[in-house]
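Structures given as structure tokens follow.
Both of the next two complexes hold chain A, though its partner changes from chain B to chain C.
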Partner chain A sequence: MKMLSKKDRREAGQGYLFLLPALLVLGVFVIAPILYAVFLSFHKVELIGGATYEFRGLDNFMKVTFDDRAIIALKNTAIYVAIVVPTQTFLALVLAASLNAGLKGQKFFRIVYFLPTLTSSAVLTLIFMWMYNQNGLINYVLKFLNLPTYNWIGDPDVALIAIMIMNIWATAPFFMVIYLAALQDIPDSHYEAAELDGAGPIQKFWHITVPNLRPVTSFVVVMGLIGTFQLFDQSYIFSGGSGGPNNSTLTVVLLIYQYAFKTLGTMGYATAIAFMLAIIILVATLLQRKFSKEESLY
Partner chain B sequence: MRRTKWLSTLSISSLLLATILSGCGNEESQSEKTEIVLSGWGGNPTEKKLLDEVLSDFEKEHPHIDVKLNTISDQYMDVLKTRLIGGTAADVFYLDAFEAPALIETGAVEPLNKYVTQDFEIADFEKPMLDAFKKGEELYGLPKDYSTLALFYNKKMFKEAGITDPPQTWEEMELAAKKLTDQEKQVYGLGMLPQIERMYYMAESRGGQVITDGRATFADDKVVDAIQPVVDMHVKDKTAATPSEVGAGQSAGEMFGRGNAAMVMEGNWNIPFLEDTFPELDYGTAELPTINGKKGTMSFTVGYAMNAESEHKKESWELIDYLTGKEGMKKWTSKGFALPTRKSVAAELGFDQDKLRGPLVSGAEYATVWQDGPTLPIVMNNFNNQFLSAYLGDRPLKEALKDAEKQANREIKVTE
Partner chain C sequence: MKKRTAGRKALYVILVVYAIITVIPFLWALSSSFKTLGEIVSGSINFIPKDFTLDNYKQIFTREPLFGRWLFNSLFIATIGTLLNLLFNSMAGYALARLSFSGKKSIFLMILAVLMIPFQVTLIPNFLILKELGWLNSYQGMIIPGAVNATFIFMMRQFFINFPKEVEEAAAIDGLGRFGTFFRIVLPLAKPALAAQTIFVFMAFWNDFMRPLIILSDQDMFTLPLGLNSFKGQFISFWNYIMAASMVFTLPIIVLYAFFNRYFVKGIKFTGDK
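And then the complex of A and B:
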């Protein structure tokens, strides 16, 4: 091993000293909480009244197997992810393509479509709850069109669907903007060549636009996966924090919140679920990457 | 040269660090007065004004204390627990008896036995309400007010149906409900919230236990048989309904006020509500109908508790002492928003003689307090979830409660 000279050591010391503020901030606000969460997940924790910790080993992780609510939460979240991610990705792509086709007033529509994304999700949820009310706008329109109306907020069968619709409407435009940016990078020559070969607009969309956007789609899907797995605020506001009616809007993160802050003494269990969720998201992301290999297009 | 470079590096880093950390410091105000923070949930504006008056009276009598009222209007318990963990909770806070046992177990609530003096006359309190805040012999909170449930009946509808007196027994009530129901007009004999908090006394009226040693045991036949009549009234007789079935949301009071129900079992809160919202309504109150000849009702109570980490315990006690003392309680309950937990105050204000509040006050003696140990919140959730399906006639009561009991006990196991 090479000994560091005095000068080298001093220089390294100076370097670390300059790094110190950043290291401290990262350590205190990122790394320490993660380590603390690992610690918590192996203990039964009671934070109120002078924190007490009792080592429980893997107990917290095993509890999930007989916790009905955890299984319901996982199921709800899985259904939510499976429906919302493909729908919002496809919708974003279609919106972007149509707003890139050179129509009149497309700038105006780009702004209008993007507006929902600018609204805070809490405000959005409250507005939607008014519209979803039994005597609200949506039921009014449905009635006007002679379609069946629903108790959107109170009926366990439709409550989650109501949240899905709201979220797709709110997040698709955000991904649309990403697609719009990517669309500018597709060379016009590809379309010209396709036109010469006699391709119509739909063929051009499927055979040029979609494959060229593949790396961006991959990004959009991963971001969508992470975002949807972490669904919390909408279902919290929708159900007043309970995950009701009849656990139909209970998501994994909402369950974590309930165990951490509502029930006393289950902070350790809550962190254990949080870790399992992190692993699920990791696996889902890896799987997604495996299935959509970023192949070279040119 | 070298040293100065070192020094400058050090000083820059520490400067950066100082800027970061300076955000964390807090300034303490220097004043002669001791500031006490009181946390509670907001009531209606009149109640809030009343509380402000009581607090300013207290400040006049105790010039060295400054009380700051902090209202937590939503998710009260979540906010309170988070603040208790962070060490920023109020010195004195409202505590619902229903939530009390779990919080007491954590040690966050100050035991009060050592503060209570002879002058405080603790024997003056209604015993069931006081016991709700006890663990063993130790007292952890003082009930500020309470309400029991009474039978509210619509006098006009009773007259039209030819019923002269409010029903005394459950059987009489069932008969009356049949006469009063007119389904076509969406009028039901009894408006009922299908929740365990409204019928806990019934559930245990045949000797069964809803909770035994912290475990749910409500699928016991004794409990099922005891509450079967509630389900039968809805499913078989069709003489009872929930407020949401007639579009009154979750409020039985509203259902009653709008004339969709001839009878409801509600508490003291319903009196000011009806006065404000349905001033024309001609109604009376009576004690809840007896079950198997036994009187019974529920009692809901909220108390003042002290933060175990409070820095001003002496002053905090002075505040609790005043608020739950004769003078403070008299003022607080004088408008009749809640009933006084001190017998002497109740007698002085004459609520036991009051036409509408009399039956509520009489109930205090034999009421079942809505509190049954730390596992009650979990039991309540699971019971109510499944009971609703039985109440709507989707499945037999026994089967629904069996499922609910199993789920509740699993959930209790998870929290252990």
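And then the complex of A and C:
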């Protein structure tokens, strides 16, 4: 008995030793910061020399309602999410279904489609800025097709759309791979039965592929929501950090960055906005989950 | 039968058109990186450069003397960061899967909870903590906070739970202790799981923009994404340089992908199963 408990104690010691690096890093850089963030969000923070804190209660949270830039940032982000998530999800699904049809050259297409996922956001944004140039490739193609051209980077009416196009292009293939993995699990017999009933390829797509992939779609949408709500790199590089022209590319995370690191005395406010963003993401995720569950009852 | 081939053709059209849409930005960037400034400014649309030149690739290293340094910083941070992740995540995953001790369950739940926290919430406190530690503008400030990843701890735990116990028992009979067994027997057999992790963690470090933007203000310490951004500011209309720099930045990831291609889909599949 004594022997066993000694062995147990040794195993417990080993367990904690194995976990020690992970616990230290997560403790100092994730758990402690969450508590620290709660504290910051209730204070006005000044960073002159050392940090000084002044208790402000819920002020930081209330301030959002009459901060014009916060409202613009929220609106931009909401529009961005509402357009990008459905588009990229649908595109990913169509691509995956096409790729899964057993055509030759699957591997080749898969490698090609993967290029954007491998490339960093900074590089992609620069490549697109070059293509979006006034007399760049995209306007050239538009002119060639007799379509109107735009000042993609400088015109507040289209700058956010330019970022949307770029990100749909960049993200859809990543979700395509997730769909592809799931598609391979749908039994062929489902399709064969539908064929016997005289279903064409489009009907098979809507009546077999789409319903069978519902849980994966749910996952893809949640990942999409989390990713799009956090849009930052592209907006920052596109606008040189300002969120311009005329705040048209200002996103919530870019605003958090500006308030935390570019203006003085608003670090607590920035933390409060970060909390609110976290709550919005959480609610959107839960709503999506609930919605897709109800749907699958039919 | 005829209908089928028509359907196949339609699918091919979708796939080929989308492949072209995917490749064109890269080809355009690659072609621009071999063009002279004159040709860039002229605004002519041709994919094959008129005066093919490698000069841009030389120029980015001489005109921006820090470019080599940024490349080194990025490689160093991503490599060390990835190695630490492989080690620490596996150790934690192994302990959670195979060792029994009190408090294990709550630690596991805590790690799951960590997965759900958006990083913006911890970003500002992280900055203040790093400032307090004197780790701003340092390699450790870039590496240590990201040296562990809750997603991959979880993944390694799943992997080790399904790992055959007999292997460890045999190692124990051969007189290896817990650590010997882990490092000499278990870890080498975990290669597929480690490979999937390698590419994702490396890419996350290599491509990260926001963390370095906040932590690094000293140009000497910049990583490539930041360097590229400041380079763009300096050489705003020199798109031939900017594209050459972008290509240099993209190459290592493509090489890594070529090596780990097989495990890549597995890794994504795992994220999907979660």
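A few remarks follow.
Operating definition for what follows: the second predicted complex is superposed on the first by the 270 of 298 C-alpha atoms of A that agree within 3 Å, B and C clash if a C-alpha of one lies under 4 Å from a C-alpha of the other, contacts with A are read in each partner's own complex, and residues count from 1 in each chain.
Just so it is clear, contacts are C-beta pairs under 8 Å (C-beta built on N, C-alpha and C of every residue); 3 or more make two chains touch, one makes a residue touch a chain.
This is a predicted model, so every value here is computed, not measured.
Touch criterion not met for A:Leu196: it reaches neither chain B nor chain C. In the superposed pair of complexes, A:Ala278 makes contact with chain C only, with no contact to chain B.
In the overlay built on the shared chain, the residue A:Leu264 is in contact with chain B alone; chain C does not reach it. Once the two complexes are laid over each other on the shared chain, residue contacts for A:Gln14 go to chain B and to chain C alike.
Judged by the touch definition given at the top, the superposed model places A:Ile31 against chain C, while chain B stays out of reach.
By the document's definition of touching, of the two partners only chain C reaches A:Ile127; chain B does not.
Applying the stated contact rule after C-alpha superposition, one finds that A:Arg69 touches chain B and leaves chain C untouched. Between chain B and chain C, the partner in contact with more residues of chain A is C. Once chain A of one complex is fitted onto chain A of the other, the partner contacts of A:Ile48 are limited to chain B, with no touch recorded for chain C. Of the two partner chains placed by the overlay, only chain C lies in contact with A:Leu137; chain B stays clear of it. The interface of chain A with chain B overlaps its interface with chain C at residues 14, 18, 21, 25, 261. Put simply, chain A touches chain B in their complex at residues 14, 17-18, 20-21, 24-25, 44, 46-50, 63, 66-69, 154, 241, 246-247, 261-266, 269. Chain C meets chain A in the complex at residues 3, 7-8, 11-12, 14-15, 18-19, 21-26, 28-29, 32, 43, 45, 84, 87-89, 91-92, 94-96, 99-102, 104, 107, 110-111, 114, 116-129, 144-145, 147-148, 150, 153, 178-179, 182, 203, 206-207, 209-210, 213-214, 224-225, 228-229, 232-233, 239, 242-243, 246, 249-250, 253-254, 257, 261, 264-265, 268-269, 271-272.
By the touch criterion stated above, chain A contacts chain C in their complex at residues 8, 11-12, 14-16, 18-19, 21-23, 25-26, 28-34, 36-37, 40, 51, 94-95, 98-99, 101, 103, 105, 109, 111-116, 118-124, 126-131, 133, 135-137, 140, 169, 173-174, 177-178, 181-182, 200-201, 216, 219, 226, 230, 232-233, 236-237, 240, 253, 256-257, 260-261, 267, 270-271, 274-275, 277-278, 281-282. Across the complex, chain A is touched by residues 5-6, 9-10, 12-13, 16-17, 20, 75, 77-78, 81-82, 84-85, 102-103, 105-109, 244, 308, 374, 377-378, 385, 407, 410-411, 413-416 of chain B.
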